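Right, one structure below, let's go through it.
Chain IDs A, B, C, D and E follow the sequence of writing; residue 1 opens each chain.
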Amino acid sequence: MSKIGVFVCHCGENISATVDCAKVAETVGNYDGVAFSVDYTYMCSDPGQNLIKSAIKEKGLTGVVVASCSPRMHEPTFRKACAEAGLNPFMCEMANLREHCSWVHDKGEATTEKAIDLVRILVEKVKYNHSLNDIKVPVTKTALVIGGGIAGIQASLDIANTGHKVILIEKDPSIGGHMSQLSETFPTLDCSQCILTPRMVEVAQHPNITLYTYAELESLEGFIGNFKAKIRKKSKSLDEKLCTGCGLCTTKCPVKKIPSEFNEGLGKRTAIYVPFPQAIPNKPVIDRINCTYYIKGKCKVCEIVCPTKAIRFDQEDEIVEAEVGAIVISTGFTVKQPDFFPEYGYGKYPDVITGLQFERLASASGPTLGEIRRPSDGKVPEKIVFLACAGSRDPAKGIPYCSKICCMYIAKHAMLYQHKVHGGKSYVFYMDIRAGGKMYEEFVRRAIEDDGVNYVRGRVSRIYEKNGKLIVSGADTLLNAMPVEIEADMVVLATAGVANEGAEELAQKLHISYDPYKFFAEAHPKLKPVETNTAGIFLAGACQAPRDIPESVAMASGAAVKVAGLFSQDELTREPIIAVVNRQAAPVYSSCVGCFLCVSACPYQAIEKEEIKNRNGEVIKSMAKVNPGLCQGCGTCVAFCRTKSIDIQGYTHEQMYTEVMALLNEY
Amino acid sequence: MAEFEPKIVAFVCNWCTYAGADLTGTSRIKYASNVRIVRFPCTGRIDYMLLLKAFDEGADGIIVSGCHPNDCHYTSGNFHARRRWIMFRSLCDFTGIDTERIKFSWVSAAEGAKWADIVNATVASVRELGPYSEYKKVAKYPEREVSHG
Amino acid sequence: MTLGLYPGCSLKGSSREYAESVITVAKAFNINLEEIKDWNCCGATAAHNMNKELSLALPARILSLAEKQGLKEIVVPCAACYSRLTMTKYELAKDPELKAAVTDANGLEYTGSVNVLNIIQMLDKYITPNLDGRVIKPFDHRVACYYGCLLVRPHEILKFDREEDPQSMDVLMLKAGATPIDWAFKTECCGAGLSVSRTSSVGRLSGKIIGDAKDRGAEAVIVACPMCHSNLDMRRDAINSYLGEKIDIPVLYITQAIGLALDLDRKALGLQRHFVKVTV
Amino acid sequence: MDYPPSVIMRMLQTGIPNLEDKVLRSFSIWVCLTCEMCFARCPMSIDIPKMMDFLREKSINEKKANPKAKEIVAFHKSFLDSIKYTGRLYEIGLFVDYKARTLKILDDLALAPKMMKRGKLNLIPEMIKDRSGIASIFRKSNKKNKN
Amino acid sequence: MVDLIKRAKELIESSAVKVVIGYENGTGNRTRALFVEKTEDADKLIFDSRCIQNLAAYVTKREVKDKGKMAIAATLPVMRSIIQLASEFQVNDNNLLVLGITPESKLIEFENLVEVETFVHQYQIEIDARNKEMLDRLDNMTKAERWKFWIDELAPCFKCYACRAACPMCYCHRCTVDFNQPQWIPVPSHELGNLEWHIMRAIHLTGRCIDCDACYNACPLYIPINLLTKKMMLDAREHFGGYQPALKGEHLMSTYKPDDKENFIQ
């Protein structure tokens, strides 16, 4: 007869506000098999867990049901407590009274009735629980970092410095990400290239890091500790070993009019190009869409001038297979383009630019070598207007969230403008200034007080062009919404930070979930910000939500330590929730009849054929066998098998059957 | 007689709909309390016989819900489930079992509100259909004493 | 081919020329415009400023009469009436109780099956397809196409053209041989209902519109709404006093401009009724 | 415009009765032309024009219309009277009734002959047949609020 | 079938096969299965229009299988069953030799199962007119009528499991209906027990049944249980393009297409 302990939690008053916990504990106490039933205010607290431990020891409990919050939250906590008290952790189950009952129903008889049902289901299930032990799985101690921005660079360096191998893949021809496009960085105004390039060089020279640029993830199989990644190294039309990076080809290439992605379309680049001077690796790539050779089959100037004959026109994409144990995603974000804003002219006015484009204007390696000049006629703008919240905090346009970094980089832009254009006047239209980081608020005050930037509290309603000037019409809500009209020479929109173009496809390749805005979803917003719901895959930087450099770096180091933690043990212990094909004595050996139709049902190819041979080697019987290393415990084969000979530990046929029975039969 | 309160069983997958129901809880969205959730690792694990057992034991409605296609944590659990549901549902329809009482849906971990809507809609539609008396009539063996001990 | 017509009060009174030009152009493309029998005023701004139910009942009555007359589709040249009729269809479709209250007030059956077109939608649907061959005297002037506020907004409900920088009239005028200019007051309000009760505001608002058109060298302003026309044309002296200079850019209806391009008779288009002489 | 739209929204948002009263007595709710520009550009999609309609109706019903808006209210009332009696707008009737209410005899007087010359002013009103239908509309929709 | 007898004798004498499975005259002008192990038994082999029993049911039974290599006189339905069994690894070339009897009742011997498969794929599985008409009648009924139809039709069933014995696809040595830990299908043959048993049978045959009507012929009460499997076959054809037994084919129910169509999942 099983002796089950039931522990009903008040969760402060999150549960007891609408569920009569005492009644639940008391009713369940009389069920067969329940030896101990009590309710307590905070089961997850230390006294709560000690209550469980002491009950197990004193009452000799064979099973525990904790009726509190979602098992997704505290199942590990209570299972660890049971283990410490000597009870096998898998004899402990949780009934979700908080998220599924007390928080979603009003106080009343029906709610307590439902709570009792939920506990009864789990009590009946526990009677069929078996004690299980963790599965040991080998760990490949190599990490894969997707995305070579500052987050990816930091994560790669941190992991590599713990002595493990790292494979860093970057979609663009060079690592550096958006940070390499910035001029100076807030709040200290130190030049972004100066603090970034040493790190990029360190990545290139680090013995533990293998760097694949102009490469994307093709596919991913396997599971934590045993991922198999296929990486597509897009053809650079160049033999990287021979190329010395002299840059002769990039100067001689006749096609010079392609808008440079690195300069956000302001500068021009050649067909064979190095994105920016400090690029790592400092080797060119041929843009096959615009290169005349690939369009008309003629030209080949680069091949002719190349001193080391490194050009390979017919170089194919290469698929590299890599066995990795953990993955850090740091693919970053992008900014909305002006054509998204009807009020500001549907992107018609060339002098209405995005924050990133202003960065390129202000950057010494930019198209204007650091001078602030208008894209339309190259004149230095006398009056410049910055618009905060251009697209962000705008539910009408489908982006309700705040992009977090714009207030800061607007203050920086205004400051840079005032420093570079003496006598220039700059305005900032804002709703609220969000400068919450260390030395952030002081930075914005400096822009206002020392550099004389006019902050106008209000939203710009419309921008239109009139005889060469951009008329910015808005209102100043601190002056009783007095209309404000500024004849500006240039307007900078701090557009919303949004997810990258291919973010959704990448998430589906990696089987991780993503939010409605295509940013990747963290396992828990507060307690597991760097993990995803898929074990072994971690997040770093702005791919999870718009984020500034300090936070991206901190998050990258966080993800790195998670990977290091994973690699610190030789074997990975995995939850024993896996499928098992039953075995019986000879001559039947198993109820499985060896039809092997389940093999095609298994997404992880975890089911193999096992043959029983007699003494002279003849196959008497062939049956299915599950490889514990590969099986992830999805149970698709279990529900498929006709003879029900395969079962999944933790969700066995008997357990699910009794759950349904207990659910519908009050005692 | 008091208004008919249907008994609804919900078979949900742990990674998406169960998490979605958690989100409904954390966002404090109220919904009908007729539903009891049974957690499965994946919709692929939901066995059609459990649906029949649920009707046997007096359930008036069933919700079966899991991850959206392409979102399954195990890649293809929901695809296999969908194919089984298509065939099982047409067999039930063919034998006269009331498939209006079985609501199939995809609810992701971010769709807390959708879960509340699905529950409320199912409870309302089953309440309108009334108790599943035909099935209860054929399952008329006495209230079994269920303790397996 | 017949098409329902809801003229509205101003097309019978202070903007007769608009009605004349619509009918003349329609006749030129042998479209017979059948007026809704016993139509009533849509209530314009006065109704919805003062009494919500009245502002829905009056347009609902018009739509019921059109349904009774068997009309599937009606053209409503006046942008204000078009806005009132479309908003009423939207509100009544959304709120069954309101619909019941309005049907009871009208005492007429209302299903909301009539398709309501504004003048540009009618032109695009029935006239533009076979306009190319018919342009004899291209209207080659620099024109500023003025849409006013009720033709494109509220955009989620009307779903007509683009919200900020509409192009449908510009495209039409291009086909008629004109050169539409890019200007900044396409959808700013002209002062509408305050024309009589607060003419100073009209002077200011319409003044800005005409001022911008002049600065950009427009030789004519093209409108698609009698209320905008009366403010920009009849109130020209208020505009001149606001701008401090006399501006004689004529204001034409889109149908008049197209009529001229088709070389139709100027009197039939009612060009002689304008306050600002039509020099084009 | 004594209170701009954003200030009116804030006053209503607070729910303080005397602020609501100030809004009903304000002049700006009468100057609003419901041109829908604010609704088109509001990031929170607040339907300000519809609220202005509501506020005007409430202001009239509670007899709190701002005296400065006398002409505007008078114009709307005269406009509706003309519809009530003829089913359509009779411009001359509108002008006469408006002048009677506001005693602004001289305004736009010079306009009448110019309009006459251009045939824009009908002397005899166009009556619709089913005037009783229109009357019942006005009666029923005034049931709830006295005009 | 003289050449069948001759061939059977040769096979037994040369002990190329240990047993030849065919038909023989049974009692009351009916036929029954014959297991020829000695050359003289071969004379009893017959073949005519009365031989409709699906002999493939025997190739998976230990009593026959353990004798050694088998040969089987296989009409078209039997051949389809054999291909399906082969795809489920129950039979293979070294434990079964197929003596094919074509619909024109001509004897062809197949070298291996691949040849049998190509032969079988020449014919499409067709549901005969009478059953088609019955299925259409059922489809036009309302849900309540169908429920009543099946409860009444299945009521006489006393769970003799003859249908399970006759079906070549039911070769599992522990059938789930015999499960009692937990009791999936109610044991008594009351309305519920019968309904759930026949639903389980139909689900387990989805994508495997080759419509040979052995279950219907075996049922002592002539309950139209084959309508269930025919309905599943038509559904499979409608939703997923149908299936043909194939050695290397994808099994219908354990594979999926990402764009399977349905209109009931919200």
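One rule holds for everything that comes next: contacts are C-beta pairs under 8 Å (C-beta built on N, C-alpha and C of every residue); 3 or more make two chains touch, one makes a residue touch a chain.
Remember, predicted model here, so these are calculated numbers, not experimental data.
Asker: Counting one step for each move to a touching chain, how far apart are chain A and chain B?
Answerer: When the steps are counted carefully, the minimum from chain A to chain B is 1.
Asker: Could you tell me which chains make contact with chain A and chain E both?
Answerer: B
Asker: Relative to the centroid of every protein C-alpha atom displayed, which chain's own C-alpha centroid is closest?
Answerer: A
Asker: If we define chain centres by averaging CA atoms, which chain lands farthest from chain D? Would you check?
Answerer: Between chain D and every other chain, the largest centroid distance is to E.
Asker: Count the C-beta contact pairs for A-D and for A-C, then tell me which is higher.
Answerer: Looking at contacts between chains, A-D has the larger number.
Asker: Chain A to chain C: how many Å between their CA centres?
Answerer: Spacing between the chain centres: roughly 52 Å.
Asker: From the C-alpha centre of chain B to that of chain C, how far is it in Å?
Answerer: Those two chain centres are 55 Å apart.
Asker: What whole-Å value do you get for the distance between chain D and chain E if each is reduced to the mean of its CA atoms?
Answerer: Computed from C-alpha means, the inter-chain centre distance equals 83 Å.
Asker: From the mean C-alpha coordinate of chain B to that of chain E, what's the distance rounded to whole Å?
Answerer: So the centroids are 34 Å from each other.
Asker: What are the residues of chain B that contact at least two other chains?
Answerer: Counting only residues that touch two or more other chains, chain B contributes 48, 53, 70, 76, 80, 84.
Asker: Could you tell me which residues belong to chain C and also touch two or more other chains?
Answerer: 163
Asker: Identify all positions of chain A at which a residue touches two or more other chains, and write them in rising order.
Answerer: Chain A, residues with two or more chain partners: 343, 462, 601, 640, 653, 657-658.
Asker: Of all possible chain pairs, which ones touch?
Answerer: Contact pairs between chains: A-B, A-C, A-D, A-E, B-E, C-D.
Asker: Can you list the chain E residues touching chain B in their complex?
Answerer: These residues of chain E touch chain B: 138, 143-151, 184, 186, 188, 190-192, 195-196, 199-200, 202-203, 206, 228, 231-232, 235-236, 239-240, 253-254, 256-258, 260, 262, 264-266.
Asker: Looking at the complex, which residues from chain C come into contact with chain D?
Answerer: Where chain C meets chain D, its residues are 9-10, 12-16, 38-41, 43-55, 57-58, 61, 104-108, 149-150, 153-155, 163, 187-189, 191-194, 196-199, 201, 234, 272-275.
Asker: In their shared complex, at which residues does chain A touch chain B?
Answerer: Listed in rising order, the residues of chain A that touch chain B are 1, 31-33, 70-72, 96, 98-101, 103-106, 110-111, 114, 117-118, 121, 124, 127, 508, 511, 513, 515-516, 521, 533-534, 577, 601, 603-604, 632-636, 638-640, 648, 650-651, 653, 656-665, 667.
Asker: Would you mind writing out the residues of chain B in touch with chain E in their complex?
Answerer: For chain B paired with chain E, touching residues are 48-49, 52-53, 56, 69-70, 76, 79-80, 82-99, 103-106, 118, 134, 138-139, 141.
Asker: Looking at the complex, which residues from chain C come into contact with chain A?
Answerer: Touch list, chain C to chain A: 162-165, 184, 212, 215.
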